[in-house]
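Just below is one structure, and these are the notes that go with it.
Letters A, B, C and D mark the chains as written, and numbering starts fresh at 1 in each.
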């Protein structure tokens, strides 16, 4: 059997042109998918090899695990729900309701990937566009602190570099591509202009670019540490001002380096300034398949995109106070529910330490450091392969992920829905 | 005077925005002990965590390590709080008047978005001191914050009015996007100070690394700085005589913003 | 690199990315997250060959990794995101929620008499 | 089953204006039979159909981006969860739950989001599904759709119609919406449309052609609501001429001109700013094919969020506040920026006065609708205050004393003595919008109508009366009582499903291959998944 126009939910590109070949309930081919997508499709269509639910390492009925998880969570007085970047919006909606019912915190992978972008948007706004405008219009594409060849392998071909559109009928020939990074990566060879900068000085460079774009004086001494000359920057500033439609793709090299939200603030202000002269947009290179969706869901339900606390029965927001790494590092969390994420393998060791000290519940589609560590763990069907649901692309375009194979485990949506129901009963 | 001595250390964050002299002024000891505080996600009584002695006063003394106790004195409108120990996050955030003295460290966002009054921290302050919460148009808007130790990132960010003085070092982005007001740092001023500042003054006593959008103007003796240093001296900050009489290098910026801000760097020569 | 001090950059790599799907026990993933890439000149300076084990020490912790020459400037070290690099990263977020995961100092010490397995 | 006895009933569609009557609700609908059930003694109370907001921004990408943009606007404006309701935050752009509850608390049971880009229709539906109590739907942005512009340029009128029908079906939208026709497309190359006859670069057509084509399509498809137009040049001094041109361009076809207040300015940009409401109201009075909603400005802090990208940029330039712009491929755009309307600001005072002039100068209340273009002019939560301004001349005069006097004096507002009656309020807040939307069982209390009833306790202060109804009944269920939520319910989603020639699909598919980044197959909204309580409103041929 073949499925046309399937959507790969591994990364924020959500490529929706995948052709799946299915034989006896397995995906044997994922045409058009990149290496990351192929691995995702193949790995997630493996037959189940783990029990659907475990408590203290022992296989149990899902219902029993729901009960155990609900009791652990309702007993906690500062629980935190975390992850949610690789699941559906339908599951995320339940997760927010669950955090609310528990009076806990809820945070998503955003806080450790593009949370700084979110904070910068809250400070200064965001001139942006959907990826189709990049395809149709962009004649200048800048990747800053991003290595799309390895993080989003089809980003350049489907959307930003070689793709052809209304005002870019010749694709690559119609565009100038600039890469700014601290090292050479597999993406470097796609660039017309490669700026290798010293680590941790993105703010200074962006700030100097702003000044150049605005025609202000720049003190060359201030650039001494950047690895970049004033002449190089002046050239880039001119490219930016003189393009027809420019797009700056902001990677984690900006959000995770010293300056964090201020780097993104600088990038946004630069793009804002450029709109005095031309059209320019900024798009954060969101990583996980639906990390953009969880920001959306949290925002429409609480007003805030990540780092939300419900201790008082209503949502409050404060990155640094209610965000996962902080709540763990300060040893405040007294129970953790991880959904569709692997904090034990992805957070700094000092934060992971807390996961070993408190009741940990994990819902994921496969075994991970976190599921192994968890008191209660659930195996869930992967959204887009064995479950359906909504996901938002990195440019906030919503898509419906269809189920391709039979469901072997309950979905995150079902597990969270049942957990929510049980928690509400226990709390009543 | 009212004394609150911590008797039970909270094992979760304790939100004590009811610890305010203006709330206590008209209450008896028993009433104060019954005021709600939020422990984790459960409301408890202040008396569950503190021994309360005294009532009907706007003079408060807190004792114990209150590093886990958030929101002490937030929004207060008059009175005085003295803390013998550390204070948690949001100390005096949004306060309008009155005074808070901490003989210990304070957590992040001390004095954030305050619009009057005075905070004197004898230990270190955290990040966002006198700064702005995410999304806000401005941070501190009147009032004074004095820190004897160090302070973290974004000290005085988006400040609109007021004075922040730090005896020790401050982190990155001190005075970022300041609209007006004064920030004095006697230790080392972290990188990117004054980024995006429109107006306002930052004073440094060690040569900082400045952004390329600040330009050197001249060396002179700003009269207004003498007055501020005098004020600080009256507040108990020890001020070297040559700081008052000495010359300062003036840099103006941020050219990416209005460019009417100034960074003064003490010139020993 | 007289004092063996490098700036460590963490990030996505292709093998680490596919490893996320395959589960983190897979050979490919374990290898990918245990590599530290260095400039060849820096390696030579330290007397390191591809596949040699090195100990990395940051202000937050320490770990061991296998080195590999990479196309990056001298003084820089690169590791893929993962549990090995996480031993070096810091959980301090400076009131931002974002931990210290990129662009911090590490000290690098060759581990004597131990070599990782060279795949080829 | 509910019996509402002895209430003073205002049901303008059925010609009832304050008669004391009994009402019965059976199986969620108004019934002629008293089937018993709970009895509400409404003696001395005012009974009206549930309110209908025909133009607000409550869901979808730009609303959510505005929420995300402004944490400072939510802080200290929270609502806590209760056993029956979810928590949320307010400020100018409330969360979905807060939005639904708040409309209900005000006695409104229906609201339409006015501007959804088709590419984000799925998002809008997701949010509407988290918006409790009210029935809802949305208008679909088509005024800058590149497929439509190409077809207009090619003279393929039929194809425009088929495509519009396909798009409404694909998105599960309710009506055709134009926002700055042609201008948003031009903004993508940093330009704008300034007159109806500017050329839209790359398409060799004009805003006039877009307006005429889509007005015609709306009629040909017999959509329940006519073309809904946000004219070119919103907010710009002297724009009244563009607005009048737009009205004339309709050539007698039905058309709804939205937030007309923002389009009624005389003067010259940067020099002068004045009211042209009187002249324009006269035109509307004489042309029964036209209807308007006001988009009243109220003083205070709010967020401007618009599908009109160049307008967003202009406002950002004026205020210096944070700014979001989104260009949406092949279809639309948006602009968002916080804004504070100040009484002493001459432009803001003029805008406030113009809105009130419109209400007081349009003779036929069936063709003028109460809106604030929430949250652009003000939050929908201020509707009760606007009602008081319309009903209470003395209050209005008192408020006029606070505003910039010089600006006020240049409008006709000080001379307008009219006071709205309760019956007229019932028209501009429910009967009129329901009729303009083509909702047959909304906005009235005749037999078979939805059991949406709002019961107010009389109060000399009209604002207080309308802000807190004693009872709000939705589909026959008492949901609000004395300001408290008594039940949990989610309303229906209205959409239309006009027929089209499937031959168009091949052309659309080709267009998707060329210019979109999503596949044709993945574009349409799955009815069964995204509309849990769908109601297709028929297109009457």
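The working rule: a residue touches a chain if its C-beta (ideal position, glycine included) is under 8 Å from a C-beta of that chain, and two chains touch if they have at least 3 such contacts.
Note that the structure is predicted; figures quoted are calculated from it, not measured.
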item: By mean Cα position, the chain sitting nearest the middle; value: A
item: Geometric centre distance via CA averages, chain D-chain B, whole Å; value: 46
item: Distance between the centres, which are taken as Cα means, of chain C and chain A, whole angstrom; value: 23
item: Length of the line joining the C-alpha centres of chain A and chain B, rounded to whole Å; value: 35
item: Chain C and chain D, separation of their C-alpha mean positions in angstrom; value: 56
item: Chain C residues counted as touching two or more neighbouring chains; value: 94-95
item: Chain A: positions in contact with at least two other chains; value: 119, 122-123, 258, 310, 312, 317, 319-321
item: Residue list for chain B, restricted to those that touch at least two other chains; value: 108, 127-128, 133-135
item: All touching chain pairs, where touch follows the definition stated at the start; value: A-B, A-C, A-D, B-C, B-D
item: Parts of chain A lying in touch with chain B, wherever the complex brings them together; value: 76-78, 102-104, 119, 122-123, 203-204, 207-208, 210-211, 214, 216-223, 225, 258-259, 262, 265-266, 269, 310-312, 317-321, 332, 334
item: Residues of chain C touching chain A in the complex; value: 7, 9-14, 17-18, 20-25, 60-61, 70-73, 76, 78, 81-83, 86-87, 89-103
item: Residue ranges of chain D in contact with chain B within the complex; value: 69-73, 75, 321
item: In the complex, chain A residues that touch chain D; value: 4-5, 7, 16-17, 89, 93, 97, 100-101, 118, 121-133, 135-137, 158-159, 165-167, 244-245, 272, 275, 278-279, 281, 295-297, 299-305, 310, 312-317, 388, 390, 392, 396-400, 428
item: Of all residues in chain B, those that touch chain C in their complex; value: 108-109, 126-128, 152-154, 171
